[in-house]
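One chain, subunit A, appears in both complexes that follow, with subunit B as partner in the first and subunit C in the second.
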Partner chain A sequence: MNQQSATNPSGRIAAQNHFRTLRLGTPFQPRIDALARTRDWYNWAGYRAPHSLWDEELEYFAIRSQAALFDISPMTKYRIEGPDAEALLNRVTLHDVTKLKPGRVHYTAWCDDEGFVLDDGTLFRLSPTRFRLCSQERHLPWLLDSAVGFDVIVEEETEAVAGLALQGPTSFAVLRDAGFAGVERLKIFDLADFPHDGGTISISRTGFTGDLGYELFVPAGKALSLWDRLMTSGELRGIRAIGYTALNRARLEAGLIVANADFTTAEHAIRADRLRMPDEIGLGFMIDLEKGHFNGRRAILEARAKRKLRHVLVGLEIEGNIPAEHAIVYHKKAQEVGLVSAAMWSPMAKRNIAIASLARPYGDTMVEDLWVEIYAMRELQYQKLMKRAKVVARPFIKLDRRTANPPADF
Partner chain B sequence: MTSFDAIVVGGGHNGLVAAATLAKAGRKVLLLEAGSKVGGAARTEEFAPGFRVSSVAHLLNRLHPDVVKTLELEKHGLRVARADFMPSVALSKDGAPLVLDGTYGEVLTGASSSEQCAWKELRAQLLRYAGILKPFLSRRPPDLAGMSLLEAASLGQTALALKKLGKEDMRDFLRVLLMNVADLLDEQLADIRLKGLLAFDATLGSHLGPRSPTSLLGLYYRLAGEAGGTAGAQVLPQGGMGAVVATIRASAEKAGVEIRTSAPVAKIIVEKGRAVGVALDNGEVLRANTIVSAINPATTFLDLVGPREIDTGFVRKVKNIRMKGDAAKLNLALDRSPQFTDVDAAGHKGRLVIAPSPDHVERAFNPSKYGEFSPEPVMEITLPSLADPSLAPAGACVLSAVVQYAPYALKEGWDAGKPKFLKAIMAQLESHAPGIGKSVVHTELLTPADIETRYRMPGGHWHHGELQADQMLVSRPVSGWSGYDTPLEGLFLAGAGSHPGGGVSGAPGLNAARRIIAIKG
Partner chain C sequence: MKAWDAIIIGGGHNGLVNACYLQRAGLEVLVVEKNDWVGGAATSRELTPGFLYSNCSYVCSLFRPEIMRDLELPRFGLQVISYEGGAVFTRDGDYLANYRDHDAHRREFARFSKRDAEAYDRYARDVTRQCRFIQPLLMRTAPDPTSLRPRDLGELLYLGKKFAGLSAEEMALTLRFWTMSISEFLDEYFETEVIKANFALSGIIGTALGPMSPGTAYVLLHHYMGEVDGSVGAWGYARGGMGAVTKALAASFKASGGTIRTGAEVDHVLVRRGKAKGVVLAGGEEIYGKLVVSNADVKRTFLKLVEEKELPDIFLRRVKNFKIRGSSGKVNIALDSLPEFPALPKDSPVYRGDMHFTDSMERMERAYDDWKAGRWSADPFLDMVIPTTLDPTMAPPGKHFMSCFVQYAPPKIGGREWTDADRDGFAESVIAQIAEYSPGFRDRIVHMEVRTPREIEAEVGLTEGNIFQGELTFDQLLFNRPVPGYAQYRSPVGGLYMCGSSTHPGGGVMGAPGRNAAAEILRDLAKSTSHMSPAHDVI
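The block that comes next holds the complex of A and B.
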């Protein structure tokens, strides 16, 4: 009350103007807007992000045969720093963080008390005492409450730090030609600092495509100069800005899952049976029961012991070439046992692939006689296709260039 | 090295009860008390040369009969006779006081005949409804997730008891359950002295005024207690509360409990999600399969276990337990017995209550919401040395009073506020017992801040957590963990912070021990 009346009216009105921008722009927005011929936007965590910029097919092939530049600035980013940063993250996340060395990145996830997944994300260890946690959803209250009793600072840096994913076979050459000396030394999941425009950026050999690729984090003020530097050096290497549709295809080929697309995060789930434990979405490999306590440990142990895990997330290979997006999965063509959350015809794998959640034991111990029912719209009529589905390992494609050292110069 | 089956942390009365019960079931039990004496806030202490007093808790009105029976306390010297039941005296500034004799006003003296009738009816109703709640307020709360047959059956019994009330009564029970006490009193009574006393009793020990929603629950909680087998009865124990604790201690020692005082626990040792022992602040490590914490739940988890060994959601819940005390304890050493105006000799041996009307209690509560003490505090006063001369030198007298409202987080700080609060209390006393101020030899005023430091009770809250609807039953100490077990295997809670709550009942300690015996065989 006091604060409100103390603020002068014009200042107050100015502070209320935020609502006039319905979707925020990222620091790269001037460049992206200039390239956005399709004007096909979507809402990514409150930011105006492109589904596609010019042609989603060609954008996808830019990832696989050239270099694709994707703006990841809207991704939620937290700085977690202090003497207890490692201990805090070890308690919050599933992986053993003591095994994550400075200059390394790992993919991880975190759970609530009941062992249900709150989100997945990537954890960057920038120094012995400094981390960056990147995720789909926002978690500041959870992280702050988790930090009780730890000597650590938790701060959201989503706005302050812009991010770019540079992915594709020529991505290494683009960076080298841009003058990032030493970038060839980065092995998969390595990260290092590089000078840029009088400041420092961090580059990691990571990505969401299963391809050779890098992610670059830059202070928001230096974002445009970084974009220009990459675009200039990449001109002859076929660098292209891309939107999410293309990236989403690449990630599916790589067998990677997306929070709130392939599973519902615990804080978003309204229905009790939508909650998922790590073991139910293929993230059980992250769980380290030997590392000491972590959030959800007790519940996960109990669920494993009492066989309370009801779901399983699997890769499917489906006969034919019609994508089975959101198709229902059947056992013996009759009993409903699950749902496809992502599907495509993979140009790289030359297979019809999908990610699906099934009710155990289907997909777990019972993998025979599974079918998907695809509704293919043919001139205002559904053609119902019952297609055989085979549980297969993820990733659906494995590209040697992703991990090759030194990275290939295409 | 001697090894123990169970280590009980905290030698308050609940810790002693838990330890004794476990030992009687054949466990080898070690009890660790941080202070130099057991008893916690239920001790008898010398506060001035020759003057002894029940340090915080001074009235025995809810010691659970199962505790008395299980621990054979009568064999160890506990005596509660009907002749000891104390009257309650509602003092009034303008006129004669009102006296509730016997068990919570079986006989009401000093009221009009119509008020007597109204009270008779209300009293019967209060005791009837408190009786319905009694099983809920004594047994382990129902486990909503995985209810056992036995639990379901006992819930069923309560439902049956409700049904036996009859349709009208059952509807009324449900109607009034979460009411504020002032509104209920206004429905049925007229005498503001009587209403003031009941409003005081309902809100004693909680951060509520009579007009705060749910304040009636406090009265039910009180009346669900009993002394000498009679609901609503209250006694001043001979030798002070310390004598009651001494009988529990004797029972514990008889059962083989090893008691170590001046042994503060610095840490509960956790290995792979399991509590395996404790480390004392001198570094000594003691291990046992079962660790029972009969101290504050927040202290247990945030300090002794530490947030690193528990989940974030649980830490959140524990941090959110409200436990800022609002009651102070006044101990006065007087060179002669005080004379309260218009109160007879029997009345002086009773519980003297300064709460002249519900409005007065409400007005006393108001400032506490904003971090200020009551300028005209309300209080319950006892003169224990009248019935037990051993507590004071010959001819002298001890006054023991619980005074409200004294908010833990006083805005001006208790260093500055305490002398002013004491002045306000003494002014109240003086107006009801003229000349009392001149007879004071020594004063000890314990604010919630003092109680916190001296008795290791966070917030100085004698319930170790506000006893309100949202922190009772299945939500005590936190939702999901009300059954004395904790997220850590092998660690149990047994203090007043657990269901049913505070007061010298021994119920949390007894229930916890029974739970441990039930799940560990």
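The block that comes next holds the complex of A and C.
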């Protein structure tokens, strides 16, 4: 195991000035600032990130009709490298990492010893011995502590590596026209290195939109040239930079969950009843009980055997068209059984959709007669609506173009 | 001859809180205070023209908002201002700051250790969980575990239920937290010395224990369970110094018809047939009261103000053995300009927060070693603030008041009393430490008030100058505070009550002991407590 040692005093002292900039810019910030007509910022893990750039609704349609460029640099990134990297990650995460081949990506999650989810994220296998783990929250102590006894380096590389999500039907064409030769060979969840600006970037066919799309990771110093390269080649393909609101809509249609929005991560849950096991937030499918021991395995097995799983995360389809954001879910309009964590009218599905956490057996074996109470504020009055909710499978939309091979050239 | 409904001995914050609640319940209440001013250890005095000092306590967080509201303290001038977290200066010319912004806080810690920077969330979660367990207990009378009265059983059940509501892991953590050392607790989260020292200071303040002594983790919790207007764990300055708290309390008390006599030192409590009948002042004047409430600490109350023959043997022995050891001193400094710290950028918010120079656990523990040997620490631990960076009322524009809480200072020097020369030596250890980080500091000093345990005991009346009226170790908490069997503010002497920090839930400018004592007194008198807000919900 290799720990990051404390920096030397001169480096440390040089870094003092951070207190003057509470919200950092990402390596793409000069370009984003130039496009930010709404100046509508939010704090993403200490970075100044856009809610919207010019119009959140039109930004959403850019994802679904053309190609949308979204800055994912603030996402936490760890480089995990060494002869035991695979073994460590197999111990820490739920999926069987030995089945993740170099050049592949999978969506995964990891738990504490009690089986409660610490976070979900994507694991990129860059080579037989090198991985990149991306997540919402920060986990360096957990990873370093887990790495004791493994021959592996764990390094936080959030600032050193910039990231872009290029999502939408023309995203493949944009990349091909930008000259990333061979990008057409990437199937969903494939990953490959490509030359860029005298260096190398990685491109994976992944994303958070349920659409055809790619994620690009680039050393911070080459970020702007990558942005310009994509924007230039995408000009005739309708490429637009977007903010989080649009992306959040796309991810909800794709049925994807967000840590600390749809569930509370274990290291942040102050109230013990907010902790969630993978089976309680729809991530049970990741659990590979055959692969040997992993963190939380015993607790998960016991919870399954003793039926101690108390919650379930479900997709809901709600009658009408009023979004049910943070609405309470009822059984028979009377008994409170859960809460909606995300909701919207889906333009792609033409349905009123939501993600909700329910107390079992509701949402699990009892799915009839569920209702949501929507408090819609209209001109300083709540219009209270009790609407029928139906448990439905996620994703809410399924786009053939997401997985089509070769990717369509629009 | 007139007999007051209640006589409160001592006009400290708890005495005044108690007096306010009793007066508002319709009692005729007299507060007798030996000094010519009220406030106890929460005072602001002008010892040099133009400068107000927070002479003893200097920052505010624990004072219960329910009390501020019940007693209308804002109407009587109380304002508490949150401040930015401070810093620990390191000996290599750097510092570790505590920023309020979550991400700035992480980036600051990452300058020293990326690992520790990311460990903070887990640490904060665990400490918050423990605070949430304890917070609801602050404004309740601790149950007597030996009693079979329905109330005590009910309270025990409440405690038990709260405890049973914890997961196995939390239960273990709670028990460990209440008994382990702050050093060991921090080792479970952090690896960097200065980061541990940064958190450990809350575990030793006011306590005659070192960071490696068992029991100091709880002391840290005690400093975290306060709030400034709902921001739990935050600390602030009382505008006008900590005397503003007691000034507002005194004004509230008088507005509701209460009477305060200053310059009235109590010589002893008048006891007839095992029942308190009033007090006798130092000059011999007798004042009669139907009941007497002592804001003085448990030792002063029962070893100085009550004759030994009135007290049961075991009670007396336990009072004598109650740990209320002097461990700290105070240096208040008037400055003709803001000191500069070359390590600190001029625009740093740290100037407005609390500053420290003890950058390792070992230095902190060594400072404690000196205390054990009966010396003040050669390399003391300082909790230093400059409230005038946020409060314009305490010094003329451009000039500043600096408060230095200093640890460790033993109650006696090598077994003998403190001398003036000792006091000067103690002050020099403080000034020398500051001057090491702030060149030209000495030249800015206009005036200085130096308070060793000797001065604090003599003026404020705190035994050995212990700021908590008794240490906050697990054996002296809840139903064991101050002594088993007498944790419900009553004493072996009928009609004599305790309301100071020696009682549950302990020290700091919290007001909860004074309030809880009032509730018990009113219960004994079968009077309504409807004017007392219950503790705010912890949700």
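Keep this in mind: the second predicted complex is superposed on the first by the 395 of 410 C-alpha atoms of A that agree within 3 Å, B and C clash if a C-alpha of one lies under 4 Å from a C-alpha of the other, contacts with A are read in each partner's own complex, and residues count from 1 in each chain.
Operating definition for what follows: a residue touches a chain if its C-beta (ideal position, glycine included) is under 8 Å from a C-beta of that chain, and two chains touch if they have at least 3 such contacts.
Not measured: the values here are computed from a predicted model.
Using the contact criterion defined above for the overlaid structures, shared-chain residue A:17 touches subunit C, although it does not reach subunit B.
Residue contacts after overlaying the shared chain place A:365 against neither subunit B nor subunit C. In the superposition on chain A, A:92 makes contact with subunit B only, while subunit C stays out of contact range. Using the contact criterion defined above for the overlaid structures, shared-chain residue A:381 touches neither subunit B nor subunit C, since it reaches no partner. For subunit A, the partner touching the most residues, choosing from subunit B and subunit C, is C. Of the two partner chains placed by superposition, only subunit B is touched by A:293; subunit C is not.
Touch criterion met: A:268 reaches subunit C, while subunit B stays clear of it. Common to the subunit B and subunit C interfaces on subunit A are residues 114.
Across the interface of their complex, subunit C is touched by residues 3-4, 6-7, 9, 12-13, 15-20, 22-23, 43, 45-46, 114, 137-141, 144, 156, 267-270, 272 of subunit A. Within the complex, the subunit A residues that touch subunit B are 87, 91-92, 112-114, 142, 145-146, 148-150, 289, 292-293, 295-298, 301.
The touching residues of subunit B, when paired with subunit A in their complex, are 270, 272-273, 302, 306-316, 319, 487. Residues 92-95, 97, 99, 101-104, 106-108, 111-119, 121-122, 125, 128-129, 132, 166-167, 169-170, 189, 192, 345, 347-349 of subunit C touch subunit A in their complex.
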